[in-house]
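The two complexes that follow have subunit A in common; it is paired with subunit B in the first and with subunit C in the second.
So, the complex of A and B:
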């Protein structure tokens, strides 16, 4: 691939999955209780996309990675303390809500607008990465909408593997039904790849990468563009936690044979 | 008055996937519930006549179709062009479609093109006071919302397993052919084929009655201080075979493959259930050697009856997440279970 890829990764924050979440009615619609106080992490599938982007950039000389994040500036700054130590990227900050109750159309509009403003972005070499769904709204539609807004008609969803050939063509493995992969080959960039888990582990922290990234991250946070996305036209009639809590029967004093017999009866019942 | 379009694509054999019949059920119910509304069917595939005939009596006033060799494969550019043409031709205000991988990829782009709105992972639809209300989950099945919209067109992508498949008499439909406008470079992407993650074992079975979840404990040192990965592999595969169960996994187990630890060779990230995995729908689920922490347990939201085997009586399953927790050694229990199932 001559000149490498320009890889833009869309990804933001979600509440740490170990946190207890409770919905409340906010001034503009549903929100999470203590949302701004909840510890946050990089959205897991977007995180995989970022690590895959960094890996690809490392192996395709001349490539560059941008991370475009829509979220509250202060929370993104906290997140960068960990993420920035893992892989090299240039940050683009869109200062707005990162919660799940925003509309993906509005989010896609803000992300596409932010990407269009990236200076020196070569759209002919663009690979648009992101998670196949967020851990907040979990709609699985935002990347396709951003791609469509940017005029990219080669799109892949639920990607676990990308192989770049010497001629720049992309072989992509996408998750499909029944635990199988669809294998496709695209002639090259531009393309949208909404990642599932991928194949890479989370990179270890590297303070040198962190220091290098921080030179651009702090100015990026200062230059954050406001992105007041919401959910215009949506009427939420109710948001609630599932009520079902099971009365767990804890079986401690049965023999292995008795447990097995009980399980088989249940399975056959 | 709503103009409802039910969208579906055919499979390689020309039939509709079961998820499509379920979505058709939802569309038909919706048409009955929304006074004055009409139903049309839009089909995509290389050849759709037999699929159209199979649902000919569903009550649709029109059958529209985009057909041809280009639409045999699941590809964003051609699928988006086909869906866009069908929605425009039907002048649809509500579009109901199944959440297949093919439509999940293509429909959101069409929503953008048509300046519509979309709801995915729909787990319930009802009509109250003449208004359509949609139910879907947020934060990976942590909370459920009911919502409505005034914006049209509104695309409704229905999860599999929510509605009963449509059943009715086959007949003879007369689909109107709709021309899809192909964008330039539409065939830059070629579909090469389909690949299973494991060459010799198909472990993910969405139609299975039982989900069997294996946790990282299977690959840890056991009471004798040794690893028993081979034995774990045999026990799990034997159970899956005898019970025709689907295999799920905790994140920690599938992550071991990229972290260089002992692994079960048939297990991949595709098996992962939970926050960053899938949320399958099965009548029963049996968790083994898995702690049942919240990020994993959210993937069990749609498992009706839940049992777990774990050595820790205080694990997550004991905290109201399972119906029964057996405090026992899963190796011993599953060995005996397999023996009993084999009798």
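So, the complex of A and C:
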């Protein structure tokens, strides 16, 4: 790819999965109890997208990665103390709610608006990355809507692998039903890739990368644009935890194989 | 005290356990993202690799194993190895690093103290070189210890610090050095080659160290005094890592008793040397190096024990709440099922005590770390100024400092005056005087460092036992969530290594009487009264009263003699000076805890995340402060009363009865003038009858001669008003706080 890619990753926070999540009725609609106080992590699917983006940028000279995050600014700042140590990127902050009770359409509008304002973004080289789903709002449609609003029609959902050919074309492995992959080839950017898990492990923390990233991240947090997204026109009849009660077990003395076997047995049961 | 005023009547409770946002404010690094990132790095390692090692039983061997060595790789990968290094040597953190290292130690020991020790020991080995080494030594060893950058093909060096030496049984001594150095070869015009003999005891990191910084004394007329010297693995001679220490604690750190007999160039003497009249004179003796090193490295150790106490809170709450679930006697929705042991007041209140101790210790430990961050540049500037003025040697320095003390006291007095009323020019002049500022900061550092090491680790170990007890039998199993049993045992080592408790008490007994420290202490009492006026529910008034009692007692002890006429306050009279030092630690920790609360209250609203639950945090932490202040006051009152009265001889019936007792016949005679006095007088005081009989007790009660002490003590007791109400509220908050579904490490 001549000159590399401009990779924009959409991703934000979700509550740490170990936290107790209790729905309550807040002043502006449903919310999670103590949501703002709960420790947050990067939405795992968005995380995979970010690590894949960084990996691609490293192997395609001239590439650049942006992370566009819609969430409470203060929470995003805390998140950056971890994420910014893992891979290099520039941050674009949209200061708004990141809970599970926002409408994907409004979220997509805010994200697309934020992306359009990124200076020097070359839309012809744009790869729009994000999670194919979210741990907090799993409508699974946000990335498509962002793509549509930006006029990107080559869209791939549930991506697990991206290979860039010498001619700049993209070969994409998408998850489809029945545990199978669909292999597609796209002539090049721009494209939307909504990632499943990808193949990369979470990079270790490296404070030196963090220190470099922070030079641009802290100003970005200070310049955060308000993005008061919600769920205009949507009324919630009720909010409750899934019927299946959550049972958390701490397992210390089983091998990975044994754990996998136990999970399979549970699924079959 | 006004009871109604001292109670915190607000009802907003703690919503969640305090997260990073809250701690960043309380421990004053909300604006330092580099430290926030270091915390995340350390946490990822602690709750990942370290926790797995402990869970998989890696602690169950004394040997340094390949599995344990994952720690070293982990330190390198997440950047913890380089936290200690300066940017010019490959580090990423410029400036003082005391707070950074304390935060790393806190995070690692949240899971395992041995892992924290392993990390700190590498820094300890480098510290003599960092603090007192020549520029060449500093650059050479610091850069060798930096992990390789991408593309570099080398292994990072690891170091060990060898001071302690074998004694019979398992003892060590740092006061006398058996390690020796002699001149082995010294050719004209060439570098002398020294033969160094050192046997170490309890030397951490020895299982894998590539170099050792060893304390040795001269055994040769051609070398003067002692020094610390760098020994390398490849030096000619014997580099025997020695027998592994069979320690019961901190098994994730490598400890052994090395035998080192090596030939090294004299340029390895830390700080360099000078040759005068054919004698090698080390520029810095080992005592000066050690003093400079330990006053810094003891601070991270102090926060390790506090981290463990705070880490116990979540597992204990979860255990208490789920104690009866799954049993036949409780079902969904019943209080027994939902609240478990938290239905019981005792379980909650004891956890409040553990939590309050952890908060207080962390508060002082991190305050000490921040103080050393301030102190480092001042100390360096002081050394530059002294060199510029040509002042060398301890005696000349002490003489100068004695002269400057007056100016330092004047500065403190001016600083406490309202800005508009003080002599601004003089204040500015003294504020800009490096040596004056050095003396003031030094006086605090000399107290804060031993105080946090002593109290946090010593009392921390006691409270860790309490935390273990709250888990019942589960607490003393390897399966105990949060590894509480291991943490309890480990705390005993933290109280011992890097200067055991007696050493810290000894240091405090000297430094706490420095007039510069006491001048600041007096001002703190006033400040606490002011805080109490604004924030009556914090226990600040209680604490101020306890500080007044301590101060009065110190003065009394310094001027008084015991029943045999011997002076009470004497450095070797440990029975007096050590308890006074202990009491001071309670006061300092409690005060710092209150200051952290005020910081949270002031800065919390600036952070939207904290602001959303701020009222609950402030209420709860206020109550914890009050609880801790009351306990501190209790300890201080007990210690002071024992010391003030305990060295007087108790009156006895034979010797003292005549002067101090009523005579029974006199009371009977007075009864016709004052009906009832005969009975009342006998019940009230000591009376001896004509036949010599008297009440059955040790002797007549001592006379109430120390009116001021009695008033202060009585006032202090009254100041405990409301403290138990605060504890009740804190206990209620603990019973309601939301906790995660599971611990975030195995």
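Assume the second predicted complex is superposed on the first by the 241 of 269 C-alpha atoms of A that agree within 3 Å, B and C clash if a C-alpha of one lies under 4 Å from a C-alpha of the other, contacts with A are read in each partner's own complex, and residues count from 1 in each chain.
The rule is simple: contacts are C-beta pairs under 8 Å (C-beta built on N, C-alpha and C of every residue); 3 or more make two chains touch, one makes a residue touch a chain.
For clarity, every value in this text was computed on a predicted model and none was experimentally measured.
Asks: Applying the touch criterion given at the start, work out whether A:74 contacts subunit B, subunit C, both or neither, answering first, second, both or neither.
Replies: A:74 contacts subunit C only, not subunit B.
Asks: What's your read, subunit B or subunit C touching more residues of subunit A?
Replies: After superposing on chain A, more of subunit A is contacted by B.
Asks: May I ask you to decide whether A:84 touches subunit B, subunit C, both, or neither, giving the answer as first, second, both or neither?
Replies: Second partner only.
Asks: Looking at A:206 after the superposition, I want to know if it touches subunit B, subunit C, both of them or none. Which is it: first, second, both, neither?
Replies: second
Asks: First (subunit B), second (subunit C), both or neither: which does A:225 touch?
Replies: In the superposition, A:225 contacts neither subunit B nor subunit C.
Asks: In the overlaid three-chain picture, which partner chain does A:216 touch, first (subunit B) or second (subunit C), both, or neither?
Replies: Neither partner.
Asks: Figure out whether A:37 sits in contact with subunit B (first) or subunit C (second), or with both, or with neither.
Replies: After superposition on chain A, A:37 lies in contact with subunit C alone.
Asks: Is A:18 contacted by the first partner subunit B, the second partner subunit C, both or neither?
Replies: Touch partners of A:18: subunit B and subunit C.
Asks: Would you please give the residues of subunit A that touch subunit B in one complex and also touch subunit C in the other complex?
Replies: In the superposed arrangement, which is not itself an observed complex, subunit A uses residues 18, 246, 248, 250, 252 for both subunit B and subunit C.
Asks: How about subunit A: which of its residues touch subunit C in the complex?
Replies: 16, 18-20, 22, 33-34, 36-39, 72-75, 78, 80-82, 84-85, 204-208, 210-211, 214, 218, 246, 248, 250, 252-253
Asks: Spell out the part of subunit A that touches subunit B in their complex, as residue ranges.
Replies: Contact set of subunit A toward subunit B: 14-15, 17-18, 21, 23, 30, 32, 44-45, 100-101, 103-105, 108, 135-142, 144-145, 147-149, 153-158, 160, 171, 173-188, 196-197, 199-201, 233-242, 245-252, 254, 256-257, 259-264, 266-267.
Asks: Please give the residue numbers of subunit C that touch subunit A in the complex, ascending.
Replies: Contact set of subunit C toward subunit A: 15-16, 19-21, 33-34, 36-41, 44, 55-56, 77-79, 82-83, 92, 479, 481, 607-609, 612-613, 738-744, 746.
Asks: Using the touch rule from the top, collect the residues of subunit B that touch subunit A in their complex.
Replies: 17, 74-77, 80, 100-102, 104-109, 111-113, 117-121, 133, 137-151, 183, 185-186, 188-197, 202-206, 210, 243, 254-255, 258-259, 268-272, 275-276, 284, 286, 293-295, 301, 305-307, 309, 313, 317-329, 332-333, 336-337, 339-341
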